[in-house]
Every structure is written in C-alpha cells, then in structure tokens.
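Note that chain A is present in both complexes that follow, paired respectively with chain B and with chain C.
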Partner chain A sequence: MNSINNSYIERPRYLCSLGGALSTLEALPETIPVMHCASGCAGSIAWAQNGGSALQVGGHCGGLTVPSSNVGERDVVFGGTDRLTEQLKNTLEIMEGRLYVIITGCVTEIIGDDIRAVAAEFESGDYAIVAANTGGFKGNSYLGYDIVLTSIVNQYVKKAASKKKKSVNILGIVPYMDVFWRGNLKGVRRLLEKLGLEVNTFFTDEDSLDGLKNSSEAELNIVLSDVYGHETAKAYEETHGVPYITATLPIGPTASAELLNAVCGALCLEADVDAIVGAENKRYYRCLELLSDTYNDIDLQKFAVIIGDVNYAVAVTRFLLDDFGWIPVLTQFTDVLDGERQEHIAGKLKAPAPLNGPKVVFDTNASEVVRYINELYPKRESDKYAETIAPAFVIGSSLDRAAALKIGAPHLSVSFPVSNRAVLSRGYTGFDGGLTLIEDLLSAAVAMR
Partner chain B sequence: MPGKIKQIAVYGKGGIGKSTTTSNISAALSKLGFKVMQFGCDPKSDSTNTLRGGQYIPTVLDTLREKTNVKATDVIFEGYNGIYCVEAGGPSPGVGCAGRGIITAVELFKQQKAFEKLDLDYVIYDVLGDVVCGGFAVPIREGIAEHVFTVSSADFMAIYAANNLFKGIAKYSHSGGALLGGIIANSINQPYAKHIVDDFAEKTKTKIMQYVPRSVTVTQSELQGKTTIEAAPDSEQAAVYMELADRIAKHEVSATPSPLEISELREWAASWANQLIALETGALTSQAQGI
Partner chain C sequence: MSYFQQKEPPKREDRLNTCIVYGGTLGELADKTKKCRCLNDGCRGFSQGSICLLLPAIAILNSIPDNVNLVHGAIGCGACSHSQNANSRSGSGMRTGTVKDAVWLSTALNETDVISGAENKLYNAILEADKLYRPKTITVIASCVPGIIGDDVDGVVERARSQVSARIIPVHCEGFKTKIWATAYDAVYHGIARSIFDDPYLNEPLIKDDLYYQRLENKKSHTVNLFGVSSMGLADEQELTRYLNALEQRTVNPFPCFAEPDSIYKLKYAGLSVCVCPTHDDYLLEHLKEEYGVPYIIRHMPIGVENTSSWIRDVAEVLGKSDIAERLISRETAELNAALEKYRPLFKGKRVFVSAGEFRALATANLLRDLGFDVAGIRSFHHDEFANVEYEKLLKNVGSDIVINIANVQPFEEANLLTSLKPDLFLGHWNGNSTATKLGIPSHVIYNTGLAYVGYRGVFELARRLYRQLLNPAFNANLSRYVSLPYKKDWYGKNPFSYVKSNLDIPEDYQEDYPKEEAAR
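For the complex of A and B:
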C-alpha cells in the first residue's frame, strides 16, 4: 500500500481545506463566504472547481466574485485583522445574506489573526457571522467541508429546546467535490422520505438556511461516507446531543435497502421497510428488464477498474458487485487515509467466491493504476493465451482517461475531478440513481458505435 | 578591504546585553575610522538608542505602515560619530508576523542597494537572539551577513540560546549562509563564569572574541543615553570594547560551529551544576575565588 509521501506528486484530486470550505459555503442558501487570505486563493479555487466540478463554478458570491480580504505583505507583518474588518464591513453593506462565514487561508492562519474577535465586533440581530479556521495547509477540501460545517454547528446552529420526531440531517456528501451533490442529496431525501422522515440536506434548492439553523432538532444525523462529515457529526453530538450513524453512499437497490433498514433501526421506526424495498425493487427491475436480453447478447458485462474518492470507490464497487453484475477487479482509493481506516474500508469491498471482491489499493497517484492492473494480469512472452483484462471499463475521474485508453477500455468520470461531463441535477443515489448510473455506464460503453 | 562591506550579525538571548555590546562595537569601529551602519532587527526597536542620545527612531516597518513606497534613505538616521542607525521594527506584540517584518525590512535595503550607496565598511545587525522562525534567521542566510557573533553570559539559558543559534548557522552553512565568528562573553566577572563559556566554546569548536566584565560604567553611560565608548572613552570598559572592535576588524575567517545535541547540552549543563555545587560546599576549592 502506497501513501502520499512516496514517489511524486501527481495532479491532485481535491482542493485545499480553504477550497473545500468555500465551495461548501457557496452551496448553502443565503450564505456569504468572506475569505481572509492572499489574493490568489479565490482564483485558484475557482479554476480548480471550473476544471473539476463538471462545469459547476461560481454562482452568487462564489468563484471569482467572492469577498476576500486579499491580504498583502503589510497585512502579514502587522496582522491582517484590520483589512478583514474593512472587508467584512463592506461585504455586509453590499452583499445581502443572513449568514456570513469568515474562512482563513494559509497566510492568515500562520500569522494567527484572531478572526473570532473580528466576527464578534459585528454581532447583530439581523445576520449571523461565523469564523472558521480553514487555513489551506490543514488538509484537503473534504476536511475543509468538515471544518467549516463544524464551526457553523458550534457557532450558528440554534440549541434545540426539544427534538423533532422523524427529523434527520444528511452529512458526508461534499458539494462540488461530489459533482453530483445536488442530485445525490435529493435522491437520498426521496429515499428516506419513504420512511416518513423529514430530511434536511442543507444544500439543495429545497433546503433553507432555517433548516440548518434548526438542524439540532434532528433525531439523527446520517453520515453517508466512511470519512467525510464525521467531524461535523461529532460536533452535533457534543454540542447538540444529536447521535449519528454512518452508511455507504446508497447507489442502487442493495445499498438503498441497507440504508432504509439502518435508519429504521436507529430511529426505532415502525415502518414496513420490506414493503418499501419490495415496491422499489419492482420498479427498478421493471426498468432493467428491458435491458437484460441486450446485456447478454452484445456482451455488456465488463471487468471494472474503479478509481475514486472514498465515497465513490466504495459505493460504485458495491453497486457493481451487489446489483449490476459487473466484475470489479481493482478498486483504487485516491484519498490519503491512515492504516486503520484503510483496513476498515478495504473490508467493505469483500464479496463471496467466486467474485471475492476486487484487489484494493490505496494510492493517491492514479497513474499507477496501469501498474496495478499489470500485477493482476502479468504478461510473459511465452504466454500465447495470456489472461487479459477484457472487456474492461474504467470508472474514475477525468484524470483516469489516460489509463482507460492504455488498456483500451471505455471510461466514465464520476469522482472529482470531472472535467469531461456537465452535471447539474443528475445523481446516483437511491434506487433510481442506480438506474441513472447504469445508463451512464452503458452509454459510455456503446458510445463509439 | 576596500569596496567590500563587512556584514556582521550579533545574536544572543534577550536581555543578555546584545544591543549594549553591538552599539559599543559600532561606536568603537567608527572611532577606528570605519563607516558603520547598525541595523536593529528586534521588534522592540531599541538597538540604536545609545547611539542616538537615548532617542528612538522611526522604524522601517512603521514607515511602511504609513506609506506604500519607502526609500531606505527615509529610515536611516545618523548617530554618534556618523554611525548610520536603522531599526527594522515590527508589529504590535501578539499580532502579525515579526519574522516577516525583519525579512521585509532587510529586503527593502537589499533591493535598494542602500548599503553600497552609502559606501559603508560595516553593517552590523543586532538580532533578537531566539531564532524562533525563518524571519529571524534572515541576516544569517545567503547574501546578507558573513560573520555571526553571539553574545552570551555563563548563564545556562543564554548558552542554550547560543547553542540554538549554532544549529541555525550549521543548517544554513551548506547553502552559503553566514558562519560563526565567535562568542562575545558578557558579564564575565567570576573565574567560574569564564570557565563555563570557555568550556562551551571548546565543545562547540568556536572561540571567545572577548570577555566583557559587568561594569557600572556601562549602566552610567546608558542612563545618559550613550555608549561607553562615547560617555567614558578612557574607562577600562571602553578599552575592552575597543579591543573587541579591533579583533572584529581583523577577523577574517569564520567557521561552522558544532552545536551540542539537546541531550549532550543537558549532560554538559548538569556536570557544570555539580561542579558549582561542589565549589559552594567547599568540596572543591582550587579556583573558587568569588563564590
């Protein structure tokens, strides 16, 4: 197993923590981010999003129009809080919002500017100001999502007088880093609404800032990731007493049914999950029925190589194993994960014989994927009839197109960066999301006809 | 050395007598006929006070705070015997980045070639002794000072600070940074104090440039806002500083020190502590004068 510090630095598959914090805020309704960082940060983040978030970039108060203190050398030497105060004052005058969130970059974090003190100066009943220490060096954009949400949970979310029955919050789907975030959040909502729940997803057009403000009323937080959103869930638990469960991003029937059962169990609901799953499965397989003959006739079953962040690598591999019937041979995780997490996550991809599940590797350098494939299918000159990976399919990010070309396989980008697709409302979660993913996979497989 | 400016950095633990020593070296060098600039690199900005009759001068960073473009000549002030005085300055305590402030101030002078234009013989940087970050190491990095002298007493904390400085010098020595000229042993009045600094110099493979005794003359001079060289030129203490300046003027080759590892330093300090206790209790009397 390789980690980030051996060999070389490849094209990154995430932004810095400031980038993750900014894109998270851009997705929140009625929220204005105020960056406290050097002038290049916003630009770099905007262009990284532009190239990676399936053409979703900017929007109101995002991208290159985000308020930023743009600190210079003088601010570094003497402290940048005066500049931030000025920027915040101007932003409050010009940009209409209800929640303003100060987020820091590396420079202002290193010099230790007291952004909480600046936020406190502007306290008002008309709006709220949150300060989050997101200095880019702290980690990647997934961590930035957690830092900024944790700050909001601790500084903005209201203490609930009582719990609201059957109300849940969804965490772990990181806006823009998951380019299908809108669709995925909506898919999860539709799914859980079948249990009669009120589902708070924070970021979609059906959500409101009040939903976030009152989110401590929830009975349960559901973290749809093995890594992302956990810190936020812990903050909810410690500050507001909201417990949480963790589940895989539910793509397709099996994972969706598992989620329904897990949530039903955690909330001690009396819902008939079997009936719900039965009805959904019926719908799902009625759709899929149309495909089944062709699937066999024109050889649409593939050996799959999956390369992605922890959410997609787990969810897509499980979907192929449990529902779709493709054979995952290799799953490569591109996150930086410690040994304990690696072991836990690798354990989720096991399957009974003869499939046994894919070879699992943890390597941030996805260009290594071809080497791993060659290890699985060793070639010797004397092997006249060598086993090869065919027909194959690569599911990863746009960066993995090259590997797909090398092994002569079609390719679909689902994990960040996605630069060869335009995504607005599409999503892969729930029963319907499984069908959407099948459409996309097979469309890519037959695209050259 | 015609045409070549000799750039020197003086480091040492806070309160050890760095600015006093540096100002007296500057004053003494100027009396020896050299053109000298003293560059205070400490946010306290009081390095050059005794060269200016006790007056504070506007700092580079204060001036930068007011204006975007600062000319080096705006922040150079003449002091005793034509010595050019500069204070880098820094942010208010607890905010901003003082280290970056030092970098900014030194770079401003470098970019404007201020030293060359003044046809200086010596630039002496008086730097906050605890090299807490890269900013305070700027004078010893490539292209700035060539020789570093450290002011240290026999106090163990001062020696710890000197040892840390040696580590910094050793680190930058591979990339063209300044090398160590030697230790200026300050407040050395007792024989055991001399033994301690001598022993430390030997262990770290450096030398003692001068033993400067603690003297009331220095205090009296400073109370008048003057260096000892200016206020009491004929005193014994002034002679000590004149001799030190002369040695610095003649000093040509500095070297990479061999700093002690932290465990070695602790053992070394502990062995001295035992010896001092033995002296105090009378178990060891050979050289126990003054204890």
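For the complex of A and C:
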C-alpha cells in the first residue's frame, strides 16, 4: 500500500463541496438551489459537468439557470446578507419549486454570512427553505453531497410518526460525480425489490420530492459506499432514528448477493435470499453463456489497472476478482483519504494466493500510474522472458487514456471525469449491471476487430 | 505609470466602464452610448449564476503547450478544465499530431489554509510541479480564497523563480473582484507580458549594424501577430492565416491560444498586430505599441461577409496591399455567394435570436441578416465602447426597434424574451442553449472551438450547420413537450427587465462632451 501527499492535487477528479452540493440539488425534483457565492462558481461547476459527467449538465434547475447572489467586492467588505435577502425574496417570486436550498461558496463562508438567519426570515407553509454551509474550501464534492443532504435531513425531512415496514433509503451514490447515478440507483432498486422492499432513491427520474420528505419513515438506510454518504446516514440516525448499514457499490453477482444478504439480515426479513440469488445467477449466466466461445477464443482475460474514486475502485476491482475472472494488478484511489480509511479500504481488495489482490495505491496524482506499473514490472530491453502487464486493460476516468496508450491497453471510463462517453440510463449495479459492465469492457477490447 | 508596472491589471469596469446590465431597444441603447459613451452600470435584484474571469483565463492557459496551470484556490476552482480539456486535446492533436491533456493542478486550499494562509503550500507546489512535469512555464492562477485571506502570490512567485527551471507567470483571477469576466484577457496578458516577454538569452546580435536593422525591418514587413480568441479553433485560425498569407505576410504569429511559450517574445518583432475580437485584446495591443512600436488594428470582427471584407481591407491598407485585397475579396465573395444559394430560400424571413459575448453576438446578428434571417433580438454578455462600431452596422441593417439585452447570461430574462418573441431559431453560447432548447426552439451553438465561424468559410459552414438544424429540429421540439423551465408561470407575462435596477437613466453628473479619460476613471 502506497500513500502520497503532495502540495497540490493533479487535475482534481471532483469539484469542491459547493459543486457537490449543487450537483446533488440539481438531481432532486422540484428543488431550487440558491447559491450564495461569487458569480463564477455556477459556471465552473456547469463546465465541469459538461466535461466530466458524461454529457449530463444541470437538470430542472441547473447549469447557469441556478439562482446565485453573485457577491462582489462590496459584499466582502460589508457582508453579503443584504444581497442574499434580496436574492432569496426574488427567487421565491420567480422560481417554481417546493424546496429552496441556500448553499454557500468560499467567499461568503469566509466573510461569515449568517444564512440560517436569512432563511428564517422567509419561512412559510407553502415551501421549505434549507440552508447549508458548503463553502468550497471545506472539501471536495463528495463532502458537499454529505453536507447538503445532512442539512436537508435535519431541516427539511419530516419527523415520521411511525416507521414504514420494508422501506429503505439508498445513500452514497453521488449525482454527477458518479455519472451513472441514475442507472446505478435504479439497478439497486430493482435488486432490492426482489426482497419485497420499497426503495427510496431520491435522484432518479422516477423519484419525487415527497420520497425525500418522508424518508425518515424508512426502516433502514443503506449506504453503498465506504466513504460517501456516511455523514448523511449518521444524521438520519441521530435526528430520525433510522439505522444504517454500509456496503460496497454492488456490481455483479457476488456483490449483489452480499447486499441482499446484508439487507435481509439487517431488516430480519424472512425472504429466501438463496433462492433469489440462485435464480438471478441462472439468468445472469444464461445471458453470459453465449460468450463461452469468444471469451476464450479471443483470449479476453486481461490484467487490469483500476484508477478511480472509492466507490468504483473498490467495486470494479471486486467484480473483476470475484465474478469476471480478470487479474487486477494495480488499483489507484484518487480520493484524499485518511490513514484509517486507507487501511480499511485496502483490506477490501485482498484475494487468496496465488491470485492475491492488486497493489493498492492512494495517490491523487493519477499521471503517476505508469510509474507504479513500471515498479510492478521492472524490465530491461534485453529481457527476453520478462514478465509484463500485457494483455492489459485500464479502467478509470477519461484522463487515464494517456496511461492506457502508454502501456498499449484498451481503456474504459467509468469514474469522474467521463468526457468520452454519453450516459443517460446506463448503470452497473445489480446482476444486470455486471452484464452491462462486461459489455462495455469487452466492446472496448474488441473495438478494432 | 503603465498598467504593466502594477502587480495586477485594473478591472474592466474601471478601465473601460464596461457594463453588464441593460434591457431595452437597439435605438435607446445607441442613443445613450452616443451621448455618454458608456452606460452607467446597474445591477439586478435577482440574478443567476454565471462565470467569472477565472474560466476564460484558464481556457487560454490550458492551451499553452508545455505549460502547467497551477490554480491557487479551493479545489473546485479550475474544474472548468474538465470541459476545456477537450479543446486542449483536439487542438494539440491537430497542431502537433499528438493528443495531449492539459495539465492543471490545484493547491486545494482547506480550512486550515484559510486560517493560517497558504503561501508555503503554493511555494512547495511550484517546486514540486517544476520537478515532476518539467514544464516551460507554470501559470500560477490566484482565485477568490487567496484574494480574501491575503496571500502574497506575487511574493511567493518571486521567491520561487530562482528555484525552478520553468518560468512562472502569476495571473490574478480573484472572481469576486470584478463582475466583468473579460478582465480575464487583461489578467492573462498582464502576466505574460510581465513574465515571458524577454528575448531568449544571447538572442541579441553582438553588432547592431545597418544590416541588422535592415534585416529586422524586412522581417517586420512580412510578420503579423494574429490575436485570436479562445473560442476560435484551428479552422478559424487557418482561414485568417490564409488571408494574411495572401497579403504577403509570410510569418503569422497566432496568439495567445496554443502559442509556444518560448516564442511569445516574437510578438515584439512583428510589423503589425491584428485583432479578431475587439472585446479581447486592447490591453496588450496598446502595450505592444507603446513599448515596442508594433502598430495594431482593433475594429472589425471577421464574422460575416461584410465584416470579413472590412477586416481584410483594414489590414491591407496598413500593409499597402489594397490591390491584392480587392482581388481577394471579389474572388472570395463571388465563390461564397454561389455556395450559399442553396441555403438562402430556407432561411428567408425566419426570425432568429442570438446570445453571446458582445462582439460575437452583434457580428453574428449581422451575418444572419445577410443570410436572409430577420433578427428578433440580441443578448450580449457585456457592453463596452469597442462594440459601438458594430451597433452602428446593426442600426443600419435591422433598424432601431429590436430588443437588446445586456446580461452576464441570466437565462430568466432570456426565457421571458424568447417566450414573447417566439423566434424560429436561437444561437447561444456554450452552456447557454438549454433555455431555448427546452422551449423547443431550434438552436445552434454560437461558438464551439473547433467549428468554423470566422471569415468567408465560417459564413458557409455556419449556414450549412443552421440548415441542418432547421431540417430536423425534432430533438428540441420533442423535449419541449415534456420538460419545462423552472420559472413560475406569471414571470412570462412580466417585463423581462423587471429586476434590472437603476441604469436606465443617464447619470446625473453627465456632461456633454464627457472626456474619455474622465469616463474611464
């Protein structure tokens, strides 16, 4: 396990906490974000989605449509609350929504504007206002997702009179940062519906704002990430008494089965998980059956290099190890993570000898991946019988194409930024998602055929 | 004292009286600007997010080969690079045959840095970046946070200079300081001129005899600086270079996008600088003239037939090549007009609305009218005096009654205008087309780096694309049936400029013959 700390982050594969908060709100129905920040923040975030989120920008109220106080030098000197008050009043006049969420940027956070007080001035029964301190220097977009959802959970989500049996919420899949968020959430819903659950996913085109408002009725929160969404889940637990479990993003049969078992256990359901998993596996492998010639004829098994955020780096590596039978040799995490988390996550990628797990690296600086590969495969020109990484495959973001080119490997973008794919409903979760990932991997591998 | 002796350039609202708030008719605007040269800028009681100077600055700097963009700020500043990188990749691929990603880094300032300052972090980042990437230049781009917490970015850069092999260019882009994002061009040029304008070491000849000066003059007589814009791709650059070559200019220095950092000093040894978009370049053009005696032309934007011909004529006149220019123009326009015949019938009488940076919006409106469209309205992202020449053409071409809206995007005003004007076609800025799209109006992007817009070829290519768009606008039409914009219904009945505050009056201290210097102060 390697861990590097630089004075900078190379081509950050995330936005700031404001960017994560805004992206989260843009994916919610009937929600109007109100940015309290300098004028360029909205544009920077829109441009980032444009280039990083697989062509998906904005939403019902997103991009450059988002109300923003656009504070300037004068506000820095005198405070920005007057501007926010005016902006909020007029936002309520002109923008159609049921939930208005004020989010702050660096400037207003540093000058210390009291946004909760401004929000309180406009309380009404017709709509709800939430205020969240998301100033960009607090952290990255994954943190922003947690900050804004925590604020919504504490300020907006209704106190439940009673729990609704067999109802669960899904957390940890961050809109726009996971460019497959809609497909992935739907995949999870389809999977968990097999247990007879009502699955609240908040951010898909089939969700409504009422789902969020009443989400405290859930019996259980399921956080599909080793890092993201945990703070939100804790807020649900503290404010609304909803317990939570965490699991890996379930890509393919093994992780899906694990999730079904974990949820079944946590909710003490009487479902026959083995029967469900058996039936799903039968379907999955019947579909895969048609590749049994070509997979072997064309020699499609690869050594894999995985570069990604926590969710994808773990889930894809596990899928390749457990289900697809490739050999992950290197997994690089581009998130900033503390030592404890690094250890926990690295522990998830182990496999029994001689397969072993991949070498695990925590380095935000992804152009270093070639150096890590060379360390694994030291080779001199004269080495006729040297061990090499070929046949290799790189699974990462679109910024990892250069590395793939260097080692002569096909490449698939799954982790932000994904500039070279268009994504609308595609997802990799569940049993079916595993098949979709196989399609995409092998399509890239045989693209020149 | 020259602006270039200061650490930071002035903001454009001070230097040029640039404004971003206006709503009214073309006639009213012309009247006001004629009287007092510039509008007294106001503000909006309701506003939507926009961009700041950081974005165009980074867009330019991401294109510079062998440059590392070190953004000193919170981690999200610089995220715009994710889309701009597409331009860096295709631009480097087309120019050098090798597709290269831009390199941008972030010092990712956190809560501790905000409290204790981040000068050391920046210093270390410069040293580490120099060691790892071995770039020719490192542009240190300061965003909002260092501006507020008071990091001495220039001091750190000075301290680091002797420790690294790259040349370091500080670029000040503290977004909260200016409402006018066009200040970005000044910020970039300011940094470049102060940091990498020196001649390479030992470039000067030992003996400067008559022959040296003769050679220099001879070289100057066929060397021209082409000041492009970041929204201009290789296709546009090649089109203009073609004209300049025809005018016997053998060396064309395209600047600033994709300009080789070690060659930028050559701008000083050109015989002429020509500007493509008058919004961009006056700051450096004037500096090159004052300090190095390079004359410049800043007048027409070569978008549209008339403008392109005027642009060529202006250049030819300075070079004494008017004969060649006239022959070039008559041949090119004849060829173009023949090629456009196919498209004109479909365009005739269709009503078009344009929205973009000021010069591009106005020039494109004139172009569209020339193609047979009726101009229904125009939105510009700001206004300054350079555009007056373009407003005059518009007044002559489309009359004084059309709607002019000056706004740093503000789609709510656009949604209102489009709903009442109901144009048949919309041309809008990058990330500025979704409003028209959701209203079901056929749309086309008014700039996309890589597509051709400029010169005679640009007219043809734009016509061809608009024709394609109008042939099957099903994408937008279908979408509009099922999605809606996020505005309340009663907004659409209101005056689109209801939230504009206080600039509709001539300023109280207005005087006839207001001297320019006064107005700019």
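Definition applied: the second predicted complex is superposed on the first by the 439 of 449 C-alpha atoms of A that agree within 3 Å, B and C clash if a C-alpha of one lies under 4 Å from a C-alpha of the other, contacts with A are read in each partner's own complex, and residues count from 1 in each chain.
FYI, a contact is a pair of C-beta atoms (placed from the backbone, for glycine too) under 8 Å apart; a residue touches a chain by one contact, two chains touch by 3 or more.
Not measured: the values here are computed from a predicted model.
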Exercise for review: Could you classify chain B and chain C on chain A, in the superposed arrangement, as clash or fit?
Suggested key: fit
Check your understanding: For the combined three-chain view, what is the angle at the C-alpha centre of chain A formed with the C-alpha centres of chain B and chain C, to the nearest 10°?
Key -> 60
Point to revise | Which of chain B and chain C A:P391 touches, first, second, both or neither | key: neither
Check your understanding: Does chain B (first) or chain C (second) touch A:I110, or do both, or does neither?
Key -> both
Check your understanding: So, A:E93: does it touch chain B (first), chain C (second), both, or neither?
Key -> second
Review point. Looking at chain A, which partner touches more of its residues: chain C or chain B?
Key: C
Review point. Is A:S141 contacted by the first partner chain B, the second partner chain C, both or neither?
Key: second
Practice item. Could you look at A:F78 and tell me whether it touches chain B, chain C, both or neither (first, second, both, neither)? Key: first
**Study point:** Smallest separation in angstrom, by C-alpha atoms, between chain B and chain C in the superposition
**Key:** 5
Point to revise | chain B/chain C common contact set on chain A | key: 73, 75-76, 110-111
Study note, to complete from the structure: chain C residues touching chain A in their complex are 45-55, 70, 73-86, 100-101, 103-111, 113-114, 121-122, 124-125, 128-129, 132, 144-145, 148-149, 175-179, 181, 408-409, 411-412, 430-432, 434-435, 483, 485-489, 491, 499
Review point. In their complex, what parts of chain B are in touch with chain A?
Key: 61, 64-65, 90-92, 95-98, 100-101, 104
Check your understanding: For chain A, which residues are in contact with chain C within the complex?
Key -> 6-12, 14-19, 32, 35, 38-48, 50-52, 57-58, 60-61, 63-73, 75-76, 86-87, 90-91, 93-97, 105-107, 110-111, 135-141, 365, 399, 401-402, 417, 419
Review point. Can you name the residues of chain A that touch chain B in the complex?
Key: 73-81, 110-114
